[in-house]
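When the chains are written out, they are named A, B, C and D in that same order, and each has its own residue count from 1.
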Amino acid sequence: LNPRLEPLAGARRVISQCRHLLSERGEVSGTRRADEVLRAYQALDRPALVNFLSLLATEFSPPAAEVRRSADAYCSEPSAANLTRLQAAVESPRQELFRRLNMARGGMQALIEMRRHVLLGVREHPEWVALDADLSHLFRSWFNRGFLSLQRIDWSTSAVTLERLIEYEAVHQIHGWHDLRRRLEVDRRCYAFFSPALPADPLIFIEVALTKGIPDNVQLLLDPKGPLLEPAETDTAVFYSITSCQEGLRGIPFGNFLIKQVAESLQMEFPRIRTLVTLSPVPGFVDWLHSAHFNDASRPLPPGLRLLSEAATSGQDVDVRLCNDLKHELLELCAHYLLHCKQHKAPLDPVARFHLANGARLERLNWMGDTSTVGLRRSLGMTVNYSYRLDDVERNHEAYAKDYQVLASRRLRRLAAVVGGLPARRQLASFTTTKSTIRMPA
Amino acid sequence: LNPRLEPLAGARRVISQCRHLLSERGEVSGTRRADEVLRAYQALDRPALVNFLSLLATEFSPPAAEVRRSADAYCSEPSAANLTRLQAAVESPRQELFRRLNMARGGMQALIEMRRHVLLGVREHPEWVALDADLSHLFRSWFNRGFLSLQRIDWSTSAVTLERLIEYEAVHQIHGWHDLRRRLEVDRRCYAFFSPALPADPLIFIEVALTKGIPDNVQLLLDPKGPLLEPAETDTAVFYSITSCQEGLRGIPFGNFLIKQVAESLQMEFPRIRTLVTLSPVPGFVDWLHSAHFNDASRPLPPGLRLLSEAATSGQDVDVRLCNDLKHELLELCAHYLLHCKQHKAPLDPVARFHLANGARLERLNWMGDTSTVGLRRSLGMTVNYSYRLDDVERNHEAYAKDYQVLASRRLRRLAAVVGGLPARRQLASFTTTKSTIRMPA
Amino acid sequence: LNPRLEPLAGARRVISQCRHLLSERGEVSGTRRADEVLRAYQALDRPALVNFLSLLATEFSPPAAEVRRSADAYCSEPSAANLTRLQAAVESPRQELFRRLNMARGGMQALIEMRRHVLLGVREHPEWVALDADLSHLFRSWFNRGFLSLQRIDWSTSAVTLERLIEYEAVHQIHGWHDLRRRLEVDRRCYAFFSPALPADPLIFIEVALTKGIPDNVQLLLDPKGPLLEPAETDTAVFYSITSCQEGLRGIPFGNFLIKQVAESLQMEFPRIRTLVTLSPVPGFVDWLHSAHFNDASRPLPPGLRLLSEAATSGQDVDVRLCNDLKHELLELCAHYLLHCKQHKAPLDPVARFHLANGARLERLNWMGDTSTVGLRRSLGMTVNYSYRLDDVERNHEAYAKDYQVLASRRLRRLAAVVGGLPARRQLASFTTTKSTIRMPA
Amino acid sequence: LNPRLEPLAGARRVISQCRHLLSERGEVSGTRRADEVLRAYQALDRPALVNFLSLLATEFSPPAAEVRRSADAYCSEPSAANLTRLQAAVESPRQELFRRLNMARGGMQALIEMRRHVLLGVREHPEWVALDADLSHLFRSWFNRGFLSLQRIDWSTSAVTLERLIEYEAVHQIHGWHDLRRRLEVDRRCYAFFSPALPADPLIFIEVALTKGIPDNVQLLLDPKGPLLEPAETDTAVFYSITSCQEGLRGIPFGNFLIKQVAESLQMEFPRIRTLVTLSPVPGFVDWLHSAHFNDASRPLPPGLRLLSEAATSGQDVDVRLCNDLKHELLELCAHYLLHCKQHKAPLDPVARFHLANGARLERLNWMGDTSTVGLRRSLGMTVNYSYRLDDVERNHEAYAKDYQVLASRRLRRLAAVVGGLPARRQLASFTTTKSTIRMPA
């Protein structure tokens, strides 16, 4: 036996089971068979899985001859009938395979996990693009926003679901059940979108703190020993963390509604609260700063900024003292980055993109608003408040949707305008990147 | 104002709203806009609706030029990339429109109702085929069996749902709440499939009577004043009515699982019950008989049969005495019809197709098993028991799925073999029809 | 066999089973035994039941010798220890018997039903007072308001519960499911108190109509074909029917909270609705009128009033024309009756007692507000609006609780003051009765 | 201000509020007032609480004069009417006060907590007996077994409830969420009794392990890293921990049913499992051994046993080697203790009392079955299996209920018979105690 052939043999066996499942005319035994295929698939080790995905990408495609025939027919006569025939001809049998796998216990989770693998490996295996296309197509139907429900999560929620929060939280890690419990106390709120296809597993969740005044520091908010406020005494709702839970659903749009619905729900419960803000990181800032350094060798960054950006992007600890020495430059640069740096026409910063698209405006930049190791590395300790005013949200959102208008407070606009005497300003402004250091809702 | 233009103008207004909804880049206002479009659509009167559907069928198709370009590219180089591009090019923008309409309150019901209109009118408006294709495609994903749940329905079920049973029951009409209540008593069971997309609205439901012995007469079962049995005394479960509720979901496969799951659920609750049978109509028999008469003028039906088949198919009352005079001929013909008459390779009778595909076998033909006006007209008063033996169901189902094998009791096979000396036997046997007089699960 | 001994023998058998159940030291078999006793008890026919209750009233009393000993001990030394001993000595073993019967399936319903029998027969069987005392004592604990929950009832409520509404509604009969459905439409609300001890069975429920302006006629409200209003267009909530469901719980206090909680719930849902009124009958009026006639022979009622009161109280149809002829006298008398006629210190009318104790005030008297046969017989067609103003409810309630103050609108006070030139005014005013023609919450 | 008067003053203020709440005729404001009283009561510090309870015990007793009058009346004529009057006269107004406090939010928990205080302090404050009597009387009605429901607890249960398990577990401490999760895995079951009065708070719960064979060692069962078994492979259900959660409900009977219902539920889920056993401590053994030493100075325990019993009862660590040296003596003595030592007529050991009363029999004594520090101190490392055979449970239970028959396996009977040559055997056997080192269900 040639062990190097093994992964391929294992993959081929499961592919053959898939073909069997798909050819099945009878439906009574479908669920059982789908279960078997799924178990076999999930038992594949890493190399076999890679082989399996590559086979899947090529073997369950629509038959080329029929596609060509239908395409020819349409080209010579683009009638409705010929279009319908062409549509049917080009649909991958894979889609029906995926629909049948969804009948197995745990089928949906497995398909989401499959797409996660696909997204991670598609650069290396370009043929997997076909898998991504088919899975995305199905997910767009299955996770249609019409099916999602916003649910409040609190200490009476099932442990199954709460455990997922601990596991998924990407912005400010939850350190166990004790930490979680503080985040679900009377002066906190947590909301999530759920799909009936994954009833105990949140798709995206948002954590809210009820505070007096707009906070600038996230450590104070997160401190498990921080004082409990009476909700009646608070005047501000702070969205301090938003997490997209399922990497396999990246790009499937459902996140944008969450903020608006949560804001409405909070207003219903606390009519007195008029201020809704975020306390957000600026996850693209250090990358932008760092790339500027490399991209424009003729006008290098001043040494301090260069040191900081190098440390932050290479995962080393950031020197707080040096940060503080450069406070003004950093605040101005960051304001400039948030307001003026673009990826195509949209803001370069992924968090800014998200909130501005949702109808928020840039409100305030906070110095040393997140002094955790991660916070320093992520945004050199800066945090930003985006504010949501319910009356303006829709108008802001339309303005952004139409021409990517970036709304900001006067203070921030002034700060962003200061930038001068710095090297490579124009280059910085025009630099674009696609990397984002935090998982953000699509 | 030209009133004859009105329907078209109204339709055009809604089409324009649809285009607006679809072009919407921002998502925050999507739900509200989807709501508005839906209300406008639902306010269309009949003529405007017809106009709307025809516009919808033509206007939201994929752009021909891009389809052609992609088709050309694929034909000259059938690569994976070109296939993916072609797949994207041929998808109707309508699908995204439907997905967005699903975000509106009541969106799913409206889409199901839209397909009902489409199915009713597609013969007259062949261009609506494109609508059917797009809606079916989405429904196959949305109503995937992996999402459906089997729920027991009883007197503690919500009135919203119970009211639907009364409305939907197609085989043996439910005469109000009093009648319904009898059908949910201790010696009855009712199960339905529900989708999370329609939480209070059953997709298909089955009514079961617990009896002593296999019943042959449906009137006795249905009598609201019939005696209540202690479930512990019963030995047989009779599936006496199965109803597909949503005409707009015709052809979307989910019905076949119901019987098997119900049978398993009953066995769990009543381990002593070993016999599971149906008490079914033979809805295609009179049509077959009647068509035989016309199709083979050289060998006409005997006058009595001709009279009966004419009365039954033209909706007149059926002469019971005449039936009784022809009892033997009718039983033999009906057995012959059930066992040997085909549509392509499958049984001609839609109810037979359904149960045999589910793994049942033909057990017994009952004379005057349904003497209601409808029962006489539908099957000249005959009923048939299909039996489900849990141990054989899967094997039977596979045998049928493979080569349409029709399993029947020895008694029925003998009865079916008698047919001889009758005109047009062979023609009758080969006659095919697509008409079915009762709504059957797909 | 002497059949006249039979009832007694049957009763004795069940009594003996009760004794067995009570003596049972082991608890494992308790539920099974309680079930058996309950079935036997429920199988008793009417005469046997009477015998059983009488035996129960005498046989499970505390042992007289021990009571006497404890009483003596307490009298000679009224210490805490002697009090505790006396308390233990006087508790009927019946209470423990009832607590054990509650373990049986349907035990609670059976005990409530038992008290209903007791209340109906206690006048004839004075010894049943002891049963009433023990059952009331338990019910006051079991139906403590701390356990009750207010639930909204609508068309999505279980048929089990809805069926009870149809059965229980005492003020304006519900004519089947069709009628019920109208009462649960978008412009209606229905709320009920439930106990966890009877989860599907309401204790008391209230029906509310959302209207424009204060209605004076109940037929318009009840008409199943009456127009549906958009809740957003309405400005008034009308409590048009309140029904205590369980006669066996008469006198157990829980009704008073219902109105206040319902009012608060309505205000939450419809902040715009500022007017909350009832549309109530005046059930004690004709009795009062009629008795006045007999009680004061020297000053007889005028003939018209006498005729009307005789017809109404003897269950004959009421002559509407005669009513209309006497409109002014009747309105004045009725206002006088509502504001000034007392039973002890409280208003004579049971409905007035209920609403005034809840913090309402008398608002308006409506001529021909209920022209149904029952309505004419009950109140000669008159209805009355009691109004609840949330800001005043508590103050009104305290005022009533303190000295039975009857609050009324100026218009009603003037109307009530008119009464003059009528015979027996003072006598009428001081007449008291205990009969009430409708079941009212305690 | 004299601070030493403060506790009394605070207590008096709350007492006065209680009196106000009780005198309240109106009911509308009752809930609000009950809330206020409860908050004030809960704000009392320890010394004030003691004062409050003592005042409560004396001030809300029935008025002595009326009790005496009613007692006199009954003594001179013990009629039903006089009995009813006496019963009414002796009921403490406290009971109505407690019923009204139950209307407050959290009222029930507060009353249970109050009884906990009373039970802890009643020895020091004998007048509190009256409080215990009134609270017990109400709790016996409120926690009547007819209201309790058995619910399965697993990882999908609410965190609120799971957190209580961690807090309450008294037999084998749960070390945080990680440990809890192992106890809710596929080869574990957990069931609890809940009252609708405390919907998220278990009254008593039982932890079950599914195993192969009867385990003798509890550490292996509890090891969070122990291997997971497939439920289908197991043949034994082990009740390894039973915890009564509410100390304030001590003596209120509801625990006995739990085991039987859990056993039936397990048999339904796993028909193959025929062996149901406990793995229990012997919590009274060391006390008995130790007391024997002191109680019979003339025949002292052998030095080794004395050392062990002294260490165990004084809370010092137990010398395992010494235990092992005395293995045979200890096993024999323990068997003797379990089978023959009595408190009145019942077994001296509280856990034995509980399981034997429930219909179990003594099956096996395990050497070093619990080698934790607590386990050694509690039972010198021994554990015992009680076995439940569903077919025998009721018979065993009746036998025990009738004459306290102790059923045991032959092996155990033999072991218990060995005891001889030991000092004070008979004395040991007759020694009685009321101390129990673990909280056991009543």
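Of note:
Just so we're on the same page, contacts are C-beta pairs under 8 Å (C-beta built on N, C-alpha and C of every residue); 3 or more make two chains touch, one makes a residue touch a chain.
Only a predicted model underlies this, so the values are computations on that prediction, with no experimental measurement involved.
Chains that touch both chain C and chain D are absent from this assembly.
Between chain B and chain D, the centres computed from C-alpha atoms are 59 Å apart. With each centre defined as the average position of its C-alpha atoms, the distance from chain B to chain C rounds to 51 Å.
Those residues of chain B in touch with two or more other chains do not exist in this structure.
Looking at which chains touch one another, you get A-B, A-D, B-C, C-D. The touching residues of chain A, when paired with chain D in their complex, are 155-160, 162-163, 176-177, 181, 200. Of all the residues in chain D, the ones that touch chain C in their complex are 24-31, 57-58, 61-62, 64, 67-68, 71-72, 74-75, 78, 80-81, 83-84, 86-88, 90-92, 99, 102-104, 107-108, 127, 129-130, 133, 138, 140-142, 144-147, 196-197, 253, 256-257, 260, 357-359, 393-394, 397-398, 400-402.
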